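There are two complexes below, and they share chain A, which is joined by chain B in the first and by chain C in the second.
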Partner chain A sequence: MKKAALLAGLAAATLFGAKVLASDLFDRINAGRYQAILADCAACHTKPGGKPFAGGAPLQTPFGALVPSNITPDLETGIGSWTYADFRSAVKTGVGKDGKRLYPAMPYPAYATMKDSDVADLWAYFQKVEPVSNRVVSNQLPFPFNIRATMIGWNLLNFSPKEFEADPNKSAAWNRGAYLVNGAGHCGTCHTPKSLTGADKGDEFLRGGNLQSWFAPNITSDPHKGIGSWATDDIVAYLKTGANRFDIASGPMAEAISHSTRLWDDADLTAVATYLKDVKGDGAPAPTPVVATDAAMTAGKAIYLDRCSACHISSGVGQPSLFPTLAKTPTVNGTDPTSLIRVVLEGSQAASTAAKPTTPAMPSFGWNLSDADVANVLTYVRNSWGNAAPPVTAGQVKDLRAALTR
Partner chain B sequence: MPSLSPSRRQFLSSTGMLLLIASAPGARAAEHSGSLPWKPFAALPPTTLPGGRWYVFSPEEARTVEAIVDRLIPADELSIGGREAGCAGFIDRQLAGSYGSSERLYTQGPFAAGLPTQGYQGSAAPTRRYREGLDALNKHTRANFGGKAFFDLGAAEQDQVLKDFETGKVDYKPAAGFFNLVLQNTMEGFFADPIYGGNKDMAGWKFIGFPGARYDYRDYITAHNQPFPLPPLSIAGRPEWKTGDK
Partner chain C sequence: MARKLPRKDVVIVGLGWTGSILAHELTDAGLDVVAIERGPWRDTATDFNVAYAPDELRYAVRKDLFLQPAQEAMTMRNNVTQTALPMRDYGSFLPGTGVGGAGTHWNGHTWRFFPSDFTLKTHLTERYGADRLSELQIQDWGVSYDELESAFDRFEYLAGISGKAGNLNGTIQPGGNPFEGPRKREYPLPAMQMTYAPTLFAEAARSRGLHPFPTPSANLSKAYVNPLGIAMGQCTACGFCERFGCANYSKSSAHTTVLPVLMRKSNFEARTECEVLKINLAPDGKTATGVTYIDVNGETFEQPADIVLLNAYGLHNVRLMLLSGIGKPYDPATGEGVVGRNYCYQTNASAQVFFEGKSMNPFIAAGALGQTVDDYNGDAFDHGALNFVGGAGINCIPTNGRPIQYRPVPPGTPRWGSAWKKATRQYYNNTLTFSSQGSSYATRGNYLDLDPTYKDRFGRPLLRVTFDFPDNDIRMSNWVSDRMQEIATALGGKQAVVGKQQKGWNSVPYQSTHNTGGAIMGTDPRTSAVNRHLQSWDVPNVFAIGASAFPQNAGKNPTGPVGALAFWAADSIRNHYLKNPGKLVEA
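Here is the complex of A and B:
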């Protein structure tokens, strides 16, 4: 009898212990899944319509093409043979298994600030992802960039890994926001301008960057070029639903919202907004707008009234949730008109989120407007209703049209 | 009181119809979830033919049509005439498209006479009707006006010939139908968007005060009893779009 009770007790203890362990592992995998959403790993490592994390579509960098690797736990073609140390080193220092150097298209300079506990959770999750056999030749760069060892020099110049340190003088929300924006969220990968070597210009943090024929706008608190006029709630709504009372996401940001930020916890989005409201712009005053009597302005106004005003309204205010506001918005007042030219030429479709499933789209005007027409209408938009930005030239339109239709 | 239950015949025929509908392959709709399909640069621009040449008409046919359209819409103090507006070029390009060969119409027999209200009921497509009609017109004037083609006649004589065609007073049975065809196409050329070759500089629209291919009047909807301030707009734009220095 005693023996039986002892055995039963032992069995119960074993079961209970296993359960605790299982539950702990589940929590870590689940936390890791959230880290993968925060870091938007799928954006690069999942091909559109492909198996999750089994390798992505080629990234066109100024140096050549890079294909995001297979990060499923497949032994042969994925990271199945990696250890946690290999994984941590790849994510946080850009040095993969066997000392293989990663290119900073993988945003390890941002992930370097992630806490080890978060990276460990991410590792727990990626071990449980379905292994997919898919061999990816990542490095398709031309000489000399195809020599991975050149990244040793790049890292010496541009990379000083440092885990995030909270600022005790700021609120918990601010610190959480700073951690997310600089780390997993890697906002600066697109929104911070790049140096000649492709590294973030640290002193121009989040002041807008050009990549893959898009301009990621200035998202500092700059009231003219940035999102200084957006309230915290506006930023949260934008990241959660893809739209707020001013703007609707399109292009790569629509993807970032669809894959990532719409799934973030509300508290994290509020933290991000709190932090972004405190990121300083360049402090430069708004430029003087091009005068309304300028030939480009009068021609642009005629085109705007005939082709744009039905949706964006003659005063540029747009329609909430349907057509973006053009008056006093960061993309419109940005130094670089690439995204504006692009959406006029090829059209655009809004992000699809559960909250905003309509995906209103802008038609393409590339067939109907000449390079000069596009330049003039954008010069008008960028210098009306309180906007002020350098005029757009027909040459800029011509170059982008060629790049997009190549 | 009639029975509410369906008869055997009704039941069989309705079931048969149901099966027929269910098995039709074309009845399957495309399904989309998430966002709607979208492609960059998606557009269906209108198909147009470049001007500066004749596609269907021979030189003599072209001169004849130009002379006709200039009598149907003569230049006066209100507007330019049909010739200057490009109506003949419009008709030529119209005939070069699907219209000229009645590509989208049923054109097989039987060819019943039909009532005047039923329009043309014959077997010829518009291009053939033009060829035959223009030939008949010039034969008629050459026979009756000292060997002159229609375009060599004076305006009064041309008007008389056109009236005779309109009322069928000539030795050409389809004369009235031909006249009405040309009249219809001339009006289309005078008022269609300039991208199709007629309505030069939107003259037809300026003439009648039509604002053109616009689609938003919200700024003006409350401005009662005031003229609409914007000039007409073609699909291709309007002169105000250009800065003039290019």
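Here is the complex of A and C:
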């Protein structure tokens, strides 16, 4: 609450041109640090084990590799020579210093909705992080995508920058949640499906997206494929601790929780939950489950009882804080089974947070289940205990296995 | 030349049960702690992967998780007239290695010793007279059960032990162990659901007027979140506990109860595959300056520290003290010296009852899922008319029905071929096994020292174990075997075979990994290596924590008291030593 009040106060203040007192600077740097947490800048711009914000590990996009830049205030290799105007332009419009076009792997289409005051705080903070000399060659895309000017066309097609406007008919919490989800939190970057050009499909907002061989599930209020059955507290617990009574975060979401959401203020998490509870799904009814007598289902059930039930229990309920429940969960019922296939093939480890320190892990089964076995067991999981979702094919498993070993 | 590293507040040797508990407690106190572990890092999903964890050949037969003799062997003999020879394979006992230590692959029996066990010499002398103890070297612990009660409680709640209290604040509870000391509250989890064989055993024991109760178990009866916030799952009774890591997060170990929280702390560091060569002493020999260790690449390092904690397996604590010159080595000829003194083991015998037409389903099992009778344990019964002291727990705890090693057949069955196969088929589901686990009391001649001949790969002398079952313990065990025969008879069945322990300890067949003593605690620096706080009498910034501190062993598994001693020592360091570093007890 304290921080939210602080932010509101800052938003009202005039920030530029006026003389800034030292105490204001402290508050702004602190507020900017929180903006950097909300925006999860470290997720991309800090290499695992590397110096903060000195450039990240390559992002594999459908168009090729992009390496997140050094955003420390180093003069030569970072943003030390930038002005606030350069910074604001990069964050909110995707146009960096000297007119250099950024690729939208940098989620400027989301950050465009951020208030200028928040971006200014972020700038105050980034001017004070430790400068690190580390030259990053960001653009490693193949022709023609390596031509940054192509982004002019992309922006014309896909990008209409607009700062967030509150909906006067909704509560303050809803509006704060909308601001965070659409802006700094950039949830849609993963959770909204993408068009052929890699832009958000706006009419399918938060209905699940596939990227980097993960499926970020539908987080709308859809009761079957989404998180409609989660109460506000469940959503808050998930974002704060990495686990709730249904699910345990893994993959990139475990990272987002570890780096970012576990550090958000409780009021902000409640605001996010309030907003997400109000985001509509596609309204489609749940599909009819594959019948239990189907050959894939009977084969899948046998594998499930042998390999999965010791932890996830024969009824799919799992064990609290340890093994996720598989019955009636969005990841399991999602249209796209990529994440499910992936955790079976590779295993996965839960996020580590102070509240949920256990970090239980699912071992890899890629070495002893065939493509058909994985497909059958997942088809069974996706169509048992109240679940209903399209069957998984051996071909899908084969393709993902190939993609993961590339 | 060892590379000297920056100083730490505390260096811990060995990251198993006690090492992780001490590390957790002392990092909570704000100290900068490094643990040095000679084995590898291990974690559940990677190393006890559910898809291959139940590999009997790899783990039970080839002993994949254990210390290998090539890394450190020991020599053994039965008495001082013999020349000790190295064990070429660990057999009689199986020391652990790696993060989690032997607590990784234990069964999970989690006991409190009886109150009389902690004051054994005083208690038995008062009850039976000093003459009864003349052939033994029994000692008091220097700490009482009442003093340890909260430490037992903390260990049991850390580990989520499943059981039924038999004595709550002095009131005997139906269904629990009526002979146990008073506990302040119930176990954190209810007892496990019983399988068939222990149920039959309990009925037979009750028909003999005995008091069976569910064995306190570190295989969890229910899902549990411990006081550190770490979640564990309900045991699935898969029957792969002893010699295996638990794939289901349902057997308590350092991995499942402490390490997830410990590893998050910025003031803790674990260095694995690093073997401590010795504890370094200042020139006066009265202060440890740290340890020297060698890493997996053969590079040696000196790690300076203000406090050195020995948290290795008990036998290894003793060897490190001998190698480092901490405390006077014990000499059986004179009975003088303290390091190596009062080495004890466990005195066991087993019984098998063969039935027809039963469905024991031995594969539905867990390491500590069973029933125990304590009527003949410790001093729970009157020894007045008997010719021994001590006793044994009688346990029916069918830990597994694994395909390679669980092949019970009656005596006289051929060891291979069609007759053996036929008998296997007939008896796999029709055999009930139970056993006695007896006390092991110290004698002057059973002890540990450094071998004069055999050395390890770094040129350091091996530990020499000189041990045979004392006559007192043989008489005790054989008397308990007669009581087992009575239970076997009550069980009915077609045939019963009750074993009797004999003199002549043999290091080849597996018997028990419960080695105790060698750096025992006590009140007199002439007869104990560490004081009641587990602090070395001679080098007060060294503490040796583990079963090495037991003055003698009871008829129970040692992990419960070992866990309690870890919390006890942690409290002593936090509440007393840190405030005033130096001797906590004046000799």
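The criterion applied here is as follows: the second predicted complex is superposed on the first by the 386 of 406 C-alpha atoms of A that agree within 3 Å, B and C clash if a C-alpha of one lies under 4 Å from a C-alpha of the other, contacts with A are read in each partner's own complex, and residues count from 1 in each chain.
The rule is simple: contacts are C-beta pairs under 8 Å (C-beta built on N, C-alpha and C of every residue); 3 or more make two chains touch, one makes a residue touch a chain.
Everything numeric in this text was worked out from a predicted model, so none of it was measured.
Asker: Quick check on the chain A-based superposition: chain B and chain C, clash or fit?
Answerer: Superposition check on chain A flags a clash between chain B and chain C.
Asker: Considering only touches as defined above, state whether A:319 meets chain B (first), chain C (second), both or neither.
Answerer: In the superposed model, A:319 contacts chain C only, not chain B.
Asker: Which holds for A:363: it touches chain B only (first), chain C only (second), both, or neither?
Answerer: both
Asker: Does the superposition put A:183 against chain B (first), chain C (second), both, or neither?
Answerer: Neither partner.
Asker: Check whether A:354 is in contact with chain B, with chain C, with both or with neither, and answer first, second, both or neither.
Answerer: After superposing on A, A:354 lies in contact with chain C but is clear of chain B.
Asker: Let me test your reading of the model: by the given contact rule, A:56 touches which partner, first (chain B), second (chain C), both or neither?
Answerer: It touches nothing on chain B or chain C.
Asker: So, A:310: does it touch chain B (first), chain C (second), both, or neither?
Answerer: both
Asker: Classify the contacts of A:242 with the two partner chains as first (chain B alone), second (chain C alone), both, or neither.
Answerer: A:242: touches no partner chain.
Asker: Thinking of the overlay built on chain A, is A:337 touched by chain B (first), by chain C (second), by both, or by neither?
Answerer: It touches nothing on chain B or chain C.
Asker: Would you find which stretch of chain B runs into chain C in the superposed arrangement, from 6-14, 60-68 or 150-158?
Answerer: Superposition on chain A puts chain C right on top of 6-14.
Asker: Which chain A residues are contacted by chain C in one complex and by chain B in the other?
Answerer: In chain A, residues 310, 347, 349, 352, 357, 359, 361, 363-364, 367-368 are touched by chain B and also by chain C.
Asker: So in the complex, the part of chain A that touches chain C is made up of which residues?
Answerer: Residues of chain A touching chain C: 307, 310-311, 319-323, 347, 349, 352, 354-365, 367-368.
Asker: Which chain A residues qualify as touching chain B in the complex?
Answerer: These residues of chain A touch chain B: 295-296, 298-299, 302-303, 305-306, 309-310, 314, 345-347, 349, 351-352, 357, 359, 361, 363-364, 366-368, 372-373, 376, 404-405.
Asker: Which of the residues in chain C come into contact with chain A in the complex?
Answerer: 43-46, 49-52, 223, 225, 228-234, 236, 238, 247-249, 260-261, 264
Asker: Considering the complex alone, what residue numbers of chain B touch chain A?
Answerer: 34-36, 38, 40-43, 45, 214-216, 219, 230, 233, 235-238, 240-246
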